[in-house]
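Okay, so subunit A shows up in both of these, paired with subunit B first and subunit C after.
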Partner chain A sequence: MPARTSWIPYALIAPSVIFLGALFLVPLVQTIWLSFSAGDGFSLGNYQRMASDLNFSLAVRNTFLLTLVVVPLQVVLALAMATMVTKLDKGRDLVLWVLTIPLGISDLAAGLAWLALLQNTGYLNSALYALGLIQGPVGWLSQETPWALFFAIVLAELWRATAIVLVILIAGLQLIPKEFSEAAEIFGAKPWTRFTRITLPLLKPSLQSALILRTVLAFEVFAVVYALGGRNFPVLAGEAYVWQNDNQNYGVAAAYAVLIMAISLAATAVYLRALRTRPEQLP
Partner chain B sequence: MADIVIDRVVKEFGTFRALQEVSLTVNDGEFVALLGPSGCGKTTLLRIIAGLETQTSGHVVIGGQDVSTLAPRKRGLAMVFQNYAVFPHMTVFENVAFGLRMQKAQQAEVKRKVERAAALLHIESYLDRYPAKLSGGQRQRVAVARALAVEPAVLLMDEPLSNLDALLRLEMRTELKAVLREAGTTTIYVTHDQTEAMGLADRIAVMYGGKIDQIGSPLEIYATPATRFVGGFIGSPPMNFIKVQCSHGTARIGDAALPCPTTGMDMELGLRGEDASLAPNGSGIPFDIRVVEPMGSHLLLTGSIDGQPARIVAPPIAKVSPGERVGLTVDPARVTWIDSTTGRAVVRA
Partner chain C sequence: MTIQAAELPRTGKSRSMTLPSARRLLLWTGLAVLLAWVLVPIYFVALGAFGGRLGVFRWPKTIWPADLSLAAMTQFLGIEGVFNALVNSLIAAGLTVVFSILLGAPAGYALARYTFPGQNAYRLLVLLTRAFPLAILALPLTVSFIRFGLYDTPFGVSLIHTVLALPFAALVTQSLFMGIPREYEEAAWVFGCTRFQAFMKVVLPLALPGLAATAIFAFVISWNEVFAASILTVRERTLTAYLLRILSESPLHYRFAGGFILIIPSVLFIFAVRRYLFAVWGIASK
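Moving on to the complex of A and B:
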């Protein structure tokens, strides 16, 4: 009997394997191959061209700056919101639902919504003008105000993508039995001590998942930046887009894509190592 | 060391009254068990004493200080939880040391007290391990050691043995009694297991429906239950209740007559299975045996008295068989009379 049925498991996972292979692995290998080829053989030409481009170092700097500012802020915000939501007795589902609305909005739409708020003729300027705080339209998103533009992008990203961290952390918090916190309270721990000594360490697996997901997505940031700043604020994914569509140079675009992947994999490896939970410390 | 006074504590969850004006005094160094079925309010009462739950009204006084509105950490107590709540991300040492660390004790003192608590509970050899590597019984010991390490004035225990297997429970019960006797800590112990309560406690408070039905020493509770519930809940097999008519100070069951305390009331005769003995000549209260279960130390006989179900304990060598009618003799001093309408025991004149 086992001999005759041994092919069944393979048949059952075959659709997923074929799907993954056709739509993920093949394009991945093609992209890597594309980035390392020029003319008729192996070459680092695309990478050289990418690195010597004027916008390259700016895009690297901006992408890292955004990630380093946005991701920690999102984790802190999400921790605060998750703690608040789990403490609610009534209306918890409603609050959670409202907080996660931005997740249902595509990132381009979110970028456009913030553009409507912040552009020269946007709601922010209208409000400030009506209050008599400004004399005429102020450009917040121009090349001349890079910090205002950066701040606007950070704000839009916080609004758009904090909820995914929140959802993961709430799920994690609900897995921690309340007795741990109660025991700590009985034995003299104040609220902040309970949070740092009990909740945070026990939340580590969820924090790790949330950080990996958010960081990888932050390195791929594109639509919100593009909607708000265009190329005034170059980022890695935006440069890949420009090389692919405007410059029609698929090789350099592929090099950018491979670079983003390498950075994401490195970040994931760092998190997996830095936030690993040893098996004997699992509840 | 401290005494505990619980003064008319009420707890309501919405419209549900979980505790109805419970009052209880626990003396300094005393071990009191809160015993009752699930949903009787015993854990709620314990959590109110701990400060993990807020009472709707009433007061909790520990060592002369009203702690009703104080945070748990300011009440000077320690607690052992049903699922142990041993912190999984800390070693056994750090678990036991947790309370001392929160008190900002000196490292040398922490080490000394942790080692003493660990020695008391025989966990010295696992101090550097993580709880996941320990068995349930060992985790239980860690939880108790963590509670004793802070040398609390009051120790609260919420069904601490219920997650252990039967053999380990028996062993831990004996050990807990010895350890706590030595520590001399005022202890409140919540359990639904009567043998635990009987074996460990100086006094037992039997709770039912959000009230304390009776409080007394294990022997008092067993021998003179204050209510029908207490009689039925304590003892194995539970007390038998036989409806009888009292007239002229006597209750008649078959050939037997027992002196009863009042007249003209619907009464129930509360009779413990082990307080009845088989009459040699078949006289006395008639008992129809339906099932005989040899339990080793005794025979458990299930049947009926006057058409009402009853269980009787007989010596293991008794010659009885199902379907047989035997006679029971009963010492009138060892029966309990229950008023059928109130369910309360009638005090003998």
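Moving on to the complex of A and C:
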């Protein structure tokens, strides 16, 4: 019995609508407006200043590079984890708990955890020293070793944010009926074939939401990078932070924000199109 | 051996007899590597947090705990501003929990129990927040927050954190309430309860564990958030904002102590909500 339309549902959603309007839609418009207003009236001044900044092209390159490397690796790693976990019967809960711990860990804390491993007198160098590969403490996170720093950030991001992909994928895997795979097995399909022909296509909606979530977050990566390398590795959100807090130039910071939002929206649109699922393809 | 022998007639394949043990070994090796991959960095940051100045610069390091003491941690908590930042983080996270439940749960209830024009528009608004890097929206808020006296307060920080947690809370509570049969409520109406009483006496007790899980997620979202908290505070920093600010000038063992304090609640909370994790994310990711 569907309830009759009344004022009640509107009264129930009204507070959250007003809240999201005031603190999501208004700042959204404000950001765009702020980014186009330098001095008087409409102007591209902020964008010109942003683009002519020394760190700009570096930040764009680094952010894209990080996203393009980290997100696919996370999906592969999470798929491997999920496949392993579903094969378990004993100890499954404990394993899942440990694997999902990073889900609750702040990006700043994740950066600091990896800093403990990778700093000059850290555990990586100690291990390399014990193996006789290096003579003394070596710096990996400075400006002189950009690739080592990049690799360190990739590791920390993989460590921290794979858990969220894992949780979404496992939630998705639980929705796939076991019968499909069993039927395929009876017809002689090998595990790999079953995985690529049955599991992956049926997992598409979950993959899509995991990819959207992770990509949007990857474009605003910030604290991990700062904890490991300071400003040695400029990224877009980090530059926005510097323009806002250190340079007190809200216009250029807003221009960075609009750039990040535009990239995120474009990525979301690409995923929505590329991983479209027609209703008849759902299990 | 006996188990394999018993399974033999059922499967009727000789291959399935030899593979499982080798496969199981491979599976558990893989899992052991993955578990170590998650736990080892936490272990090392804990060593760094309790090892103090000496521990951080010891060379070469052993992976076993050596001369750990609480002194390093108490020293860190004694630094001016750290304790205050910790309190601010707790206030902001607590307020985020309150706001996101108070605003999100009614919306979730409305979506679960009613069909009404505009319902899809509301869903779209909630989903739209997903496609935006929300923390970035703190940038223009600085100016209006200063005007309204919200700048540099845990309250102001909790408002922007609620934007992050609210869509999540609305979607999760929606499915939570959908799981509670409408008939229970209708029975309460029959016995003379008002709608509100029926909700408080019948639905709420049933929804409480799920609501608690939602609240914990909201807490973690706020506790961990760095960018918006750093933009919107100067003196009344949250712990994440404080740590970010002192990153470049503080000694390593203080940074590790801060990182460790940030990690502890997350580990406990994920343990507390582990049963709800997959249900919650299955819903929230649709």
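Here is the rule we use: the second predicted complex is superposed on the first by the 273 of 283 C-alpha atoms of A that agree within 3 Å, B and C clash if a C-alpha of one lies under 4 Å from a C-alpha of the other, contacts with A are read in each partner's own complex, and residues count from 1 in each chain.
The rule is short, and it goes like this: a residue touches a chain if its C-beta (ideal position, glycine included) is under 8 Å from a C-beta of that chain, and two chains touch if they have at least 3 such contacts.
All values reported here derive from a predicted model rather than from experimental measurement.
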Touching partner for A:L99 - first (subunit B), second (subunit C), both, neither: second
Which partner, subunit B or subunit C, touches more subunit A residues: C
Touched partner set for A:T193, first subunit B, second subunit C, both or neither: first
Partner chain(s) touched by A:P201 [first = subunit B, second = subunit C, both, neither]: first
Touching partner for A:P177 - first (subunit B), second (subunit C), both, neither: first
Partner chain(s) touched by A:L20 [first = subunit B, second = subunit C, both, neither]: second
First (subunit B), second (subunit C), both or neither touched by A:S57: neither
First, second, both or neither for A:L117, with subunit B first and subunit C second: second
First, second, both or neither for A:A253, with subunit B first and subunit C second: second
Contact set on subunit A toward subunit C in their complex: 1-3, 5-6, 8-10, 12-13, 15-17, 19-20, 23-24, 27-28, 30-31, 34, 80-81, 84-85, 87-88, 93, 95-117, 119, 121-123, 125-126, 129-130, 136-137, 159, 164, 167-168, 170-172, 174-175, 205-206, 209-210, 212-213, 216-217, 219-220, 222-223, 226-227, 230, 237, 240-241, 244-245, 250, 253-254, 257, 260-261, 264-265, 268
Complex contact set, residues of subunit C against subunit A: 27, 30-31, 34-35, 37-42, 44-45, 47-48, 56-63, 99, 102-104, 106-107, 109-111, 113-119, 122, 125-126, 129-144, 159-160, 162-163, 166-167, 170, 182, 195, 220, 223-227, 230-231, 240, 243-244, 247-248, 252, 255-256, 258-260, 262-263, 265-267, 269-271, 274, 277-279, 281-282, 285-286
Of all residues in subunit B, those that touch subunit A in their complex: 50, 52, 71-73, 77-79, 81, 83, 85, 87-89, 98-99, 102-103, 129-130, 132-133, 146, 150
Touching residues on subunit A, where the partner in the complex is subunit B: 177, 179-180, 182-190, 193, 198, 201-202, 204, 277-283
